[in-house]
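The next part holds the structures, each set out as structure tokens.
Presented sequentially are two complexes of subunit A, the first with subunit B as partner and the second with subunit C.
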Partner chain A sequence: MAAGPALRELDSDGSSEELVLTPAQLLGGLEQESNLKRAKHGDLKVSIHRMEIERIRYVLSSYLRCRLAKIEKFFPHILEKEKSRAEGEPSILSPEEFAFAKEYMANTETYLKNMALKHMPPNLQKVDLLRLVPKPNLDAFVFLRVQERQENILVEPETDEQREYVIDLEEGSQHLIRYKTIAPLVASGAVQLI
Partner chain B sequence: MHVRLMKETRFSKQCHNFVCPVNSTFLIFILNLILQGDLGPFNPGLPVEVPLWLAINLKQRQKCRLIPPEWMDAEKLEEIRDKERKEDTFTPMPNPYYMELTKLLLNYASDSIPKADEIRTLVKDTWDTRLAKLRLSADSFVRQQEAHAKLDNLTLMEINTTGTFLTQALDHMYKLRTNLQPGESAQSQDF
Partner chain C sequence: MFGERAVELVRGLHRAADGHLPPFSEDGIRQVLEEMKALYEQNQADVYDRLLRIRALRWEYGSVLPNDLRFHMSAEEMEWFNQYKKSLATYMRSLGGEEGLDLTQDMKPPKSLYIEVRCLKDHGEFEIEDGTTVLLKKNSQHFLPRWKCEQLIRQGVLEHVLS
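Here is the complex of A and B:
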């Protein structure tokens, strides 16, 4: 089962600010787990399997925690993205996560209304969460490892005196660069965040 | 953030290690793991390759003896340390998880590793040299306001010691720089 390297990819998700697609194969891994709950009396083997299941559970739950944290941080923008995505494109949220995001938004709005807004003068009772909540910072610097060789990636200058220049990304090399320039490569899997 | 550090050591456990079962009551033929597939057969006296977490666990139950990796040897590590001190850039390390492996193996299996203390000192020296180089190069990166850096021979553990701080500092600097001309590119949020 090719879950080993996939688990390593999960680890990289903690580095990015955006919400990346849920790999369906790992949710399948969770089901495999429940298959292995057979009660055998081969003591050592059972305990080793149990240990491995615990490890897998830890990875999956820390991945889920990371995604939930991102949802809580950027919920209006994520819901906006969901609304505006085209029909054929896959969703970046699983159905449960989508329900969670909507509920979180509704709860936040209710809370703000009951705590503060309804006591304000009538013309100030609206609040636009999309503008109030900070957007994910796509200009953040990230560390990455290259899986597939890429040519001619444009590096934008930081200061006015510098020129922009192109670099080639060799396979297996590691770099530190701004997220925005390599965002499409992350989505396609050509580089991996570390 | 040390949460990242913990995660990395957890994952370094995915790397394999040699295990030599010694106790004759320990006899499983094939162990089938979800991630690694089949492991085994485990015969007493014969070395078997298993993932690190399993090796440490079996050692703690006294079901096996650990065989150190071939780079964990005093002369080799001394060579590596000297090479690292000579070069200005980072030299490739024998294993991308050398720090975690050293720490874990020396904690749990120092009896099966010859010259354990020497090895500990050598690896620590190499680590210190590399971190000093990393601090210097991070400093020059920020000073010259570079946009990109290639860090090929750095291991994950080293990146994580300064990584979060460095990226946050760079982000702040970027925000300050791009807000020098307000109203054009800056997207400030009005209340």
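Here is the complex of A and C:
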């Protein structure tokens, strides 16, 4: 099925705490296919197509739910990152996700401020969302598969006795490594989280 | 014990003879403020944790919460919930195509296309995509498309019959 490789890309977002960018076209393509199939009536193979649509819809929904959950979980840090994004750099959020994130932040801020005003003395009213909401753990270990060979990746030492060292990542190989070390490679597509 | 230091400071002031000003305890005041700050932060964390649970309710129960849950929420929490619902609905409507994509459906991988369900309470008429309607009367059993039943199962109207 043509959606195979597209679906594989969607899976990788579940493996890390950070929000992984996926091209909007990928999503658009999947949705189009699903809408197209929905239009076929009276087809003999309609139930097989239906099953396929169900599966696509499940994977797509799962993926979007995962993104939404991450946005809600780390919202002040994600919005802070968006604010400090450079001019030409692509956003990790879709425009709709960005709108949702801002609304979520405003809603939560309003709520916490109202609670504080109601119950707390004035000198303690400042709401610091960046401190209240935990940051994503970029030190967590993740499994990855190498798509494009990478040379001289710098690995930080684990203990005081160790020194930092470099490794090469062979195409097709799999590794267990700290997310922080390979974060830019995930963004560029050179490695895929599994 | 919470507030011990603060009570100590106040007692000290009371014990002093009328008008006499006991020495200013910089340490004492600092400790009390630190305790206040810690208590405030813990309270904020608890309040925030409640918010996370309320958010989970939207995903579990849908946009209409059962009455007993509603009574457990403050007016402000209810306001937060209503705003959250709205935000979520706007976002889901924006996803591909004209009707959008309801992300609160399809929470489990599809195993079969149709499922056997039993009706737990009267729910009236229910339309399935080929145009036919089904009467969901209490205790009636039906063979229906899974995706149409998901929400009703979560709301407790239908029960998935596993043979």
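Assume the second predicted complex is superposed on the first by the 174 of 194 C-alpha atoms of A that agree within 3 Å, B and C clash if a C-alpha of one lies under 4 Å from a C-alpha of the other, contacts with A are read in each partner's own complex, and residues count from 1 in each chain.
By our rule, a contact is a pair of C-beta atoms (placed from the backbone, for glycine too) under 8 Å apart; a residue touches a chain by one contact, two chains touch by 3 or more.
Everything quoted here is computed from the prediction, not taken from an experiment.
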Partner chain in contact with A:130 - subunit B first, subunit C second, else both or neither: neither
Touched partner set for A:156, first subunit B, second subunit C, both or neither: first
Touching partner for A:55 - first (subunit B), second (subunit C), both, neither: both
Subunit B versus subunit C as contact partner of A:174, first or second or both or neither: first
First, second, both or neither for A:64, with subunit B first and subunit C second: second
Touching partner for A:104 - first (subunit B), second (subunit C), both, neither: second
Touching partner for A:115 - first (subunit B), second (subunit C), both, neither: second
Partner chain in contact with A:138 - subunit B first, subunit C second, else both or neither: neither
Footprint overlap on subunit A, where subunit B in one structure and subunit C in the other make contact: 32, 51, 55, 58, 62, 132
Of all residues in subunit A, those that touch subunit C in their complex: 27-28, 31-32, 35, 47, 50-51, 54-55, 57-58, 60-62, 64-65, 68, 72, 96-97, 99-100, 103-104, 107-108, 110-112, 114-116, 118, 120, 124, 127, 132-133
Residue ranges of subunit C in contact with subunit A within the complex: 36-37, 40-41, 44-45, 47-48, 51, 55, 76-77, 79-80, 83-84, 87-88, 90-91, 94-97, 101, 103, 105-110, 113, 146-147
Touching residues on subunit B, where the partner in the complex is subunit A: 4, 7, 10-11, 13-14, 26, 28, 31, 33-37, 53-54, 57, 63, 141, 145-152, 154, 156, 159, 163, 166-167, 170-171, 174-175, 177-178, 189-191
Touching residues (chain side subunit A, partner subunit B) in the complex: 1, 3-4, 7-8, 11, 14, 29, 32-33, 36, 42, 44-45, 48-49, 51-53, 55-56, 58-59, 62, 131-132, 134, 137, 139-143, 155-159, 162, 167, 172-178, 194
